[in-house]
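What follows is chain A paired twice: with chain B in the first complex and chain C in the second.
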Partner chain A sequence: MIAPFSETGGLGSTGLLLSAPLIGLAFGWFLERGGLGCAPKLAGQFFFSDLTVFKVFFTAILTAMLGAFWLDRFGLLDLSLVNLPETSVLPQAIGGALFGVGFLVAGLCPGTSCVAAASGRLDGLAVMGGMLAGIVVFNSAFDWIEPLYRGTPLGAIRFSDWMGISTGAGVALITAIALCGFALVGRFERSRVSS
Partner chain B sequence: MSQTHRLLAIVAAVLGGAAFLSSFSRSADPSELASEIEAESDHMSALDLATRIMHEDKNLRIFDLRSQAEFEQFHIPTAQPMAIEAITKSVLPRDADIVLYSEGGTHAAQAWVLMRMRGYRRVFVLREGIYEWQSRVMEPRLAIDATAAEKAEFEKASELSRFFGGNPEMGVPRSQVPSGYWTTQQSETPQTHTAPFRRRGC
Partner chain C sequence: MNRSPDRYADPYFAGIGLGLALLAAYVFAGRGLGASGGFASVVASGTAVVKGTAAAASSPATGPYLDHGIMSPLHDWLVLELIGVMVGGFLSAWLSGRLRIAIERGPRVSDRQRIAFALAGGVLMGIGAKFARGCTSGQGLTGGALLSAGSWIFIMTCFAAGYTMAPLARRLWR
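Presenting the complex of A and B:
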C-alpha cells in the first residue's frame, strides 16, 4: 500500500476520519511529554535560557524529512501526491514576525496552547481564545488584507528548488544544518551550566 | 550528549549523506528502460496532461523541445522552451513529473532517454507531441456516428477544451475525426489527418 493514504484511498474515508484525531492526540501527547506545554520553557527559547523548542522542532523536521525522502525512494510514499503549501515571502515574513511576538508574549503557540489548556492551565485557554479571535479578525479584514496576502508569491516551492539543487542535496544540507545546530546548542547549554 | 543522542545523530548523518549521494544515482539500466517503453509507462496523454494543468498541479514541469519560434507561435500552457542540448545539463527537481513534447514524438522520445539516463525517474512524453494536444484538447471532434464510449470521452475532452479556449466540434463525418493511438481504433500512428490539422495552425 502506497501513501499518502488520503490521496490513494488506502484507509478509506472512515479510516481517515479516525486517523485524524489519533494523529492529533499523538501530536499533543509528544508535545506535552517534550515539556512544550510549559510557557516558561517556550519563552526561554527567545532568551536562550532553554532551547528545548529548537531541539524538539528540528528533531521533528529532520525525522519527517528523512522519513519522507527515503519512503519515497523505496516506493512506499508518493511524494508527488503530498500537498505542498505555497510560499509568499512578504506576507509569511510578516505573519512569522507576528507569530513570534504572540509566542513570546503568551509563551505558547497554537499547538502548545491546546496542550496547555488540556493540562488544565488557564493561560492556555486564554491563548486559544486569542487565537480564535485572531481568526475572526483576519477573516473579517480579509478583503483589505488580500493584496498583501497574495503578494510576492513563489508558488509551491521547496528549499531545494529555491537553491537550484537536487532534492537529495537539499535533504543533506538541512540534515547538516540541524546536526550542527544540535551540536552548537549542546555546547552552549553545557557552557551555561558550567558557568 | 548521551549514547542514544550520538547514535541518532549518526543515523541522521548517514541518511542525509546517502540522500545526497542518491542525487548521483546510477543512470537507468537499459533493460529497465526497455521495460518502461514496452509497458508504455513513459507516456502521458494530452487529456491527462490538460487535466493536471487545469488543476494547477505544482509537481508538473512541461518542456517544449521545438524551436523558439514554434514555441512563441503556440505552446501548451505552463510549458517552458528547452533545447535538446540543455537536457543534458539542466538541474530539475528529482521528484517532479517532467513532461516532454515536440512536434511529433521523436525528439521527445530521444530526450526521454537522455533524462532517464541522467537518473530522472518521473519523465513522460506526449507521444504524438503538439499534434496530440491540438487534436485532443484544442480541437476535439465527435463523429456523427460516435459510439457511447466516444461520446463520453468527448464530454470530458470538451470540458478541458473550453477551459483552454479550444473549439470542440460535434457531428463531423467520421473521416474528419483524427485517429491516433489514443482513439478506440488503437492505431499506432496518426492517420492521414495530420496535414489538415497543421494547416489550421498547429
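Presenting the complex of A and C:
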C-alpha cells in the first residue's frame, strides 16, 4: 500500500492518534541526544560559539526532504497527500521575526522547551509557560490582528513553484546550500581550533 | 543516580534521527511534526473552561481547536505528539545521566533574571508562532523539508532577526 497510510486507508483514526506519541518520542529522544534541551547551547548558535543548531536543523531537513522526494519518485509515498503548510507572506515574515527574537531571549524554541522541561530544567518550564501566555495575548487581540493575520495569502505553494522551477530542482537547491553550509561550518570550526 | 553525564550525540547523527522521525510522520500520518500548535490547542481548551465552551468555540481564534470541546487536546495529534516528545526527552536525559533539576543560564545573569527572560522569550515566540502558523518544528522542519514557500520565509526572517538582535542580547548568554 502507498503512503501516507492515514490518507490511503492503512491507518485508521485510532492508529493515527497512536502514531503521534510514538513519533513524538523519537523526536524528543533525538533532540535531547543532540543537546538541544540545553538553552545556553542553543543560544550559542546566535554568537557563532556553538553551531549544533545549524547542523542538526539542516541535517534533519535534508534527511526528511530527500526521503520524501525519493519515496514519492519510487511510488511508495504520494507527496500530494502530505499536508503542505499554506503560505501567507506578510504574517509569516513578521511572525518569523518576532519568533527569532523570542528564540534568542528564551534560548529554547517550543519543541526544545518541552525537552528541557522534561529533563528537569526549570527555564524550559518557564518558556512553556511564556508560550501559553503569548498565545493567550494573541487570541485576546485577535479581532484587531485578524486583517494582518489573514493578509497576503498564497495558498499551499512550494518556493520552487513560485520561482518557476521543478520540485526536483528545489530539492537540489536546498541540498546544495546545506552541503555548502556544512563545509563552511567545518572550516570555521577548524580555523577556530587552530587559532 | 550520580554519574557524570554522557557526551552529546554527534549533531549530524541527531539530525538524521530527527529527519527520520519527520519522514515517519509524513509516511504514517500524512503530516509533519509540530509544537506550537499543541500549545494553541491547550490554550483553546483552557479558554473553553474559563469562558464557556460555546463562547470559545464561536471565536475565530480558538474555535478551530475545539472540535471535541474541552477534551479536544486529547484528540489533537500535536498534543499527543508533544507528550511523546516529553517522554522521549525524559528517557534520553535519564539514560544519559543528564536528568537533574536546574536552571540553565548565561554566566552573567541570575536565576531570577533567567526565568524572567525565559517567560518573555516564550511570550514573543507564542505570538510569533501564531502569526507564522507554526514554529521551528511545524514551519522550520516540516514545511522546510516540503519546500513550503512560507516556511522558508519564516526560517529566513527568524534567523535574520535572531542574528540582528544578538549583539544586544550578548549579556544574557556570554
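Just so it is clear, the second predicted complex is superposed on the first by the 195 of 195 C-alpha atoms of A that agree within 3 Å, B and C clash if a C-alpha of one lies under 4 Å from a C-alpha of the other, contacts with A are read in each partner's own complex, and residues count from 1 in each chain.
Going forward, contacts are C-beta pairs under 8 Å (C-beta built on N, C-alpha and C of every residue); 3 or more make two chains touch, one makes a residue touch a chain.
Keep in mind that this is a model prediction, so the values were computed, not measured.
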| item | value |
| --- | --- |
| Contacts of A:Val171 with chain B and chain C, given as first, second, both or neither | both |
| Which of chain B and chain C A:Ser160 touches, first, second, both or neither | both |
| Partner chain in contact with A:Ser80 - chain B first, chain C second, else both or neither | first |
| Partner chain in contact with A:Trp70 - chain B first, chain C second, else both or neither | first |
| When both partners are placed on the shared chain, which of chain B and chain C touches more of chain A | C |
| Chain B versus chain C as contact partner of A:Phe47, first or second or both or neither | second |
| Contacts of A:Val101 with chain B and chain C, given as first, second, both or neither | second |
| First (chain B), second (chain C), both or neither touched by A:Arg33 | second |
| Partner chain(s) touched by A:Cys180 [first = chain B, second = chain C, both, neither] | neither |
| Touching both chain B and chain C, residues of chain A | 62, 79, 84, 86, 156, 158, 160-161, 167, 171, 174, 182 |
| Residues of chain A touching chain C in the complex | 3-7, 11, 16-17, 19-40, 43-47, 49, 51-52, 55-65, 67-68, 71, 77, 79, 81-89, 91-111, 113-124, 126-139, 142, 145-146, 148-149, 154, 156-162, 167, 170-171, 174, 182 |
| Complex contact set, residues of chain B against chain A | 1, 5, 9, 12-13, 15-17, 19-23, 58-59, 91, 93-97, 122 |
| Footprint of chain A on chain C - complex, ascending | 8-9, 11-33, 35-36, 39-40, 42-44, 46-47, 59-62, 75, 77-78, 80-94, 96, 98-106, 114-115, 117-163, 165-166, 169-170, 172-174 |
| Complex contacts: residues of chain A adjacent to chain B | 62, 66, 69-70, 72-73, 79-80, 84, 86, 155-156, 158, 160-161, 164-169, 171-172, 174-176, 178-179, 182, 186 |
